[in-house]
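One structure is given here, and the rest of the page talks about it.
Naming follows writing order (A, B, C, D and E), and every chain is counted from residue 1.
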């Protein structure tokens, strides 16, 4: 019902009068499909909580990789009558009922990361993010343009939708791609498996990892397998930053997911205080972003504090 | 024994047990008190916990854990263990979803086929345990891994992705959804039907356990398989039926999930096996078999659901969630154990 | 007994056991044959498996599993169980890394502190198990969750991220790295030093188990705690030491990991506990305690490592990995069980 | 009429251990066959074969004249052979009445709604035990809280209660005091007089002789012979079992030393 | 000189069950104190107190004149009290020699390199058992593969071997045949003659009388008295335990029926 994009310009300046309702700070619940301890989602969380601190918004972050459990967390937020809801939709079908219930209860919803195509249909105010598939596609295309012909895409958590979307995207953007499952819980296993894969197929000349820690293992593995494969990765940490500086890692895909956490809080705050909306019905894209030798120095310090 | 004098009800060797002691004899009493404590705690520190909408969320969470944990409790009383129950919830969802969306099979038929699949795996677990006399921990750990591999392998093979969705448009979805995934209204709030299933399963299990001959056999095969076999209890058959019951309960939850959320992910369900076991243990089941209660396991699941959602209501940082869970588990088991020790002293 | 006639070596009631039967008495024989089968299989179907580089990768994988699984085997022979060992490898890495990178502590000191931490948790596990007489499955399940929560909570609290990296520049890294994370060359290929640690730990454990008084106590407390207590074996102390040993082995792996990979993720280690238990069981340990072998557990880890890497070398779709794992576990345990049954018949 | 049970030259090996070799005996209705022998003589092995818990590898086993190979205790029970085992008599965590009726639970109601008749079960348990002189504090009490002797009595009372045609008792008196043992022997005699065939395993000839009709002597897995009561005296039985002179010497020795 | 062990009015309750009440007796060096009683009389409870496995709640327990409250079997062993329990004698999965030396393993070498002296342990085990007339097939054989009686013998041989000052035996003869029982009693007598104090639990007066110096009679947790050998005859002992006339009637009944 209240999903229509309001006719408003996104003037980021002073909130004039608006319908500044009740006095106290507003409560926003962020519910994502990241698994506990996932490095990508931790940056999203940091973005949301930082925004909350700066804007005086109470942000609570919860996540569950199981779509059913995630929808129950949304129900929970609805039962709490939060003033705003931020949801990542890796499994839009599973969340449909819960999100629609939230919308029906008058809670403004903003979707982030994935689920861009269903966002408006479910009644969300806006969508912030970049589809995992598109991110993968761009990474693949970038490797292809570097003249690579055979890609190994390393999935570190079996059955994770986001990760598999990234590799699927990479395949679309790149061409000949093999997926390799490794277990992020066991670093030795990660390195040994990548090494084994490189040893068996010496034509592999590019490795795409989806987590900074895996990227470093891939670098070591390539070295020990005497493979010339180029390593690229999703996301950053301080070790990846130095590896980019030294040229061991070609680039890191940076979805700027900090914004996927930060912007929705800003948008909900504006909507709450001033009935502003952003994007005019179009998704707000946080990517593409690539960190390579050219810009690595700039982002290095931010990666270390968990915001890139 | 020998020349006991006195009537049937008095024996000078028994000091009179107090009322408290008499209450403490039931296996579920520890869980009940634990549930009360958790309930009161979250009621006091949060404002939404006892609103109808709040109650609905934690009953919802409890229900899907509870349905399987009650079956797991029967299995544990029967002296066995099932680590594959969690993954089984995903496997059955996947079978149903793939049949309905990829082959266009009627949802009812798909549900039926996935039930047959679940029962077959359960029977295989039981058969292997009985046949090889290996501990069920090991055998079902094997099934746990095998099912995980099958879930992921088959899903990517068939769909090219790691999830199956789109069952909502399959024939028969409406009627099946009504039975397994609808909601009912109470006090102006909608409650999922899974809560009803949970209550039905618990009542049925409690009845079977305490009132029927098969229930007697469950206690017996768990307490001492050799003694039971010696008096003619069909030990193998009973245990296989228990494994099948557990798989069947996992199927029920899988069916509820797929019909309600209309999509399923290949890595779902991993780790739930521990939650079922925890609920059963909190509910008073002995890990070594022969002792426990179905109602206790249901209460264990209730504690689990309340804590799970209560932490969210209390706005605690979710990073620490597992720590709370661990402490809660230890605390619940310790309280429970205290009660059991007391109960065992009184019992005689 | 009674009036046995004949010499000490002959008894007319014993049919003469065959050579095969005589060999089959050792608990690790099943694992050894399994290892041979897996080895030959992958040697035949892949080309890289027996190259020095190939051997190095699967020994590498085996080593980090093997170090802990050997300790877990001692614990299992002692009749207990540790589900927290996997997560403990991450906890110790995190403690070391945070101390060295955030507080600037010398790496050697950081390693020492994390050892103390590990031993304390191990002692707590053991103490709680002995104190409450609860099954160690439940107690260590509690620790398993609690450590997960602490790992994640503390890491995000201290670093704002879910990884700790940068230990490579901390003082003392070079010398500590030399001991725990260097490589050595053999046949022109570099092998990680963890393989040496694995062999040392296995040899030490095997020696303690078979040759020392404490080893005798391990068998005894696992075989029958009550009988052992009755003859004066310090049951509680022995079991606590075993829990501490397991935690200590996890610490060793955690230290090797953090020094080698220089970065650690907060949710690392989850699920490894099963791999340790699997390796120990494949190696001939009884889940119920009182029987098993340290060398067997090391061979179990070897099978694990070979299968893990063999699948990669064989170009099998890694989606199905868990299925292979499940089938391999069941097959290994079945073979093993067959041998044990045979061994038990011969043994008398 | 053929015997209730008959074994002809049965043998059994466990792996490489020959536990039983070429043993023959019969069990008739209304008679007690006693199996006597030292530790490890194979007594338990023999009755486990009779009870369907193990299968014999050699010889013949006839039930009412028909050669059988019992594959499970259930099958033995269905053929009317009830057994009280030396080591696996009861389920400790279960209540006395549940143990008593285990495997033969009384039910009421129909079809899928058949439920245990708890009242009946408890009452019958109580009376059956009272009949044996055991006065229960509470039929809901777990068997595990009874003393070893008390447990044995529950198991025996159960076997007697569900009497069947053949009653097999593996050392029922070993853990019992004089008086309790007397009670058990009285029950054995009662069962016999009701026309049951009884197999009584013991190594106490003083317990066996008063009630037995036939005595099978085992030694190290072999039969020393199967004697009718009229062919053997208590003294001879004791001698045969103990190695005669040896024992007397021992007794003298002990007496001498103790006084 | 004070007695090796003395209990004065000890009592013990398990929860609401009074298992033992007001029991007194002494154990002197070179004497055998027999504890007799029916099932559930509290015999095992009494010796579990003496052995440090349970603590008494009432009365006094003196070891060599000094009042103690033993907190563990280790403490009892350290004070020279060795016990063979009725139900928890051995670890079935362990080999005979490992069981035999469990808790008192012989070692060689120094400091951290102390290792088990396996050769010595195996040899000693073999000779100690041979001394008792048990000829082992193999000292490496797991105890679990021995018959019940054989296991009991291993446990007894162990206790005798590590003799200490007081030897407590809980129904050592219950599971044994006539001859084996004789062997055990001979060992009891030997231990006594070597100056040990022995506590022998049994419900067979025929086993107790030849070796005993003192007889403590228990019934339902209470003491019926503690008699010196000179104050009581075998017949009187049997009567006291069994309820006298009752038993004789029973025996007649059985005889009459059996013939």
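Just so we're on the same page, contacts are C-beta pairs under 8 Å (C-beta built on N, C-alpha and C of every residue); 3 or more make two chains touch, one makes a residue touch a chain.
Every value quoted in this text rests on a predicted model; they were computed, and no experiment measured them.
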| item | value |
| --- | --- |
| Shortest chain-hopping distance from subunit A out to subunit E | 2 |
| Most widely separated chain from subunit E, with each centre as the mean of CA atoms | A |
| Inter-centroid spacing, subunit C versus subunit A (mean Cα positions, whole Å) | 37 |
| Separation of mean Cα positions, subunit D and subunit A [Å, integer] | 73 |
| Whole-Å separation of chain centres (CA-atom averages), subunit D against subunit E | 27 |
| Residues within subunit E bordering two or more other chains | 17, 38-40, 149-150, 153, 179-180, 243 |
| Per-residue overlap in subunit C, given as positions that touch at least 2 other chains | 1-3, 14, 148, 152, 156, 319, 321-322, 344, 348 |
| Set of subunit A residues in contact with two or more other chains | 36, 158 |
| Complex interface listing, subunit C residues touching subunit E | 1-4, 8, 11, 14, 207, 211-213, 215-217, 219-220, 222-224, 226-234, 286, 290-291, 344, 347-348 |
| Subunit C-touching residues of subunit E, taken from the complex the two chains share | 51, 53, 72-74, 77-78, 83, 85, 88-94, 98, 101-105, 107, 114-116, 118, 126, 133-137, 141-142, 145, 149-150, 153, 158, 179-180 |
| Subunit A to subunit C touching residues, read off their complex | 35-39, 42-43, 46, 158, 179-189, 191-193, 195-197, 199-201, 211-213, 216-217, 220, 224-225, 237-239, 305-307 |
| Interfacial residue positions of subunit B with respect to subunit C in the complex | 128, 132-135, 137-139, 141-150, 152-153, 156-157, 274, 277-278, 281, 287-288, 317, 319-327, 329-330, 333-334, 337 |
| In the complex with subunit D, residue positions of subunit E that touch it | 17, 32, 37-41, 44, 86-87, 146-150, 153, 171, 174-180, 182-183, 185-186, 189, 193, 203-205, 210-213, 229, 238, 241-243, 246-247, 250-251, 253-255, 257-258 |
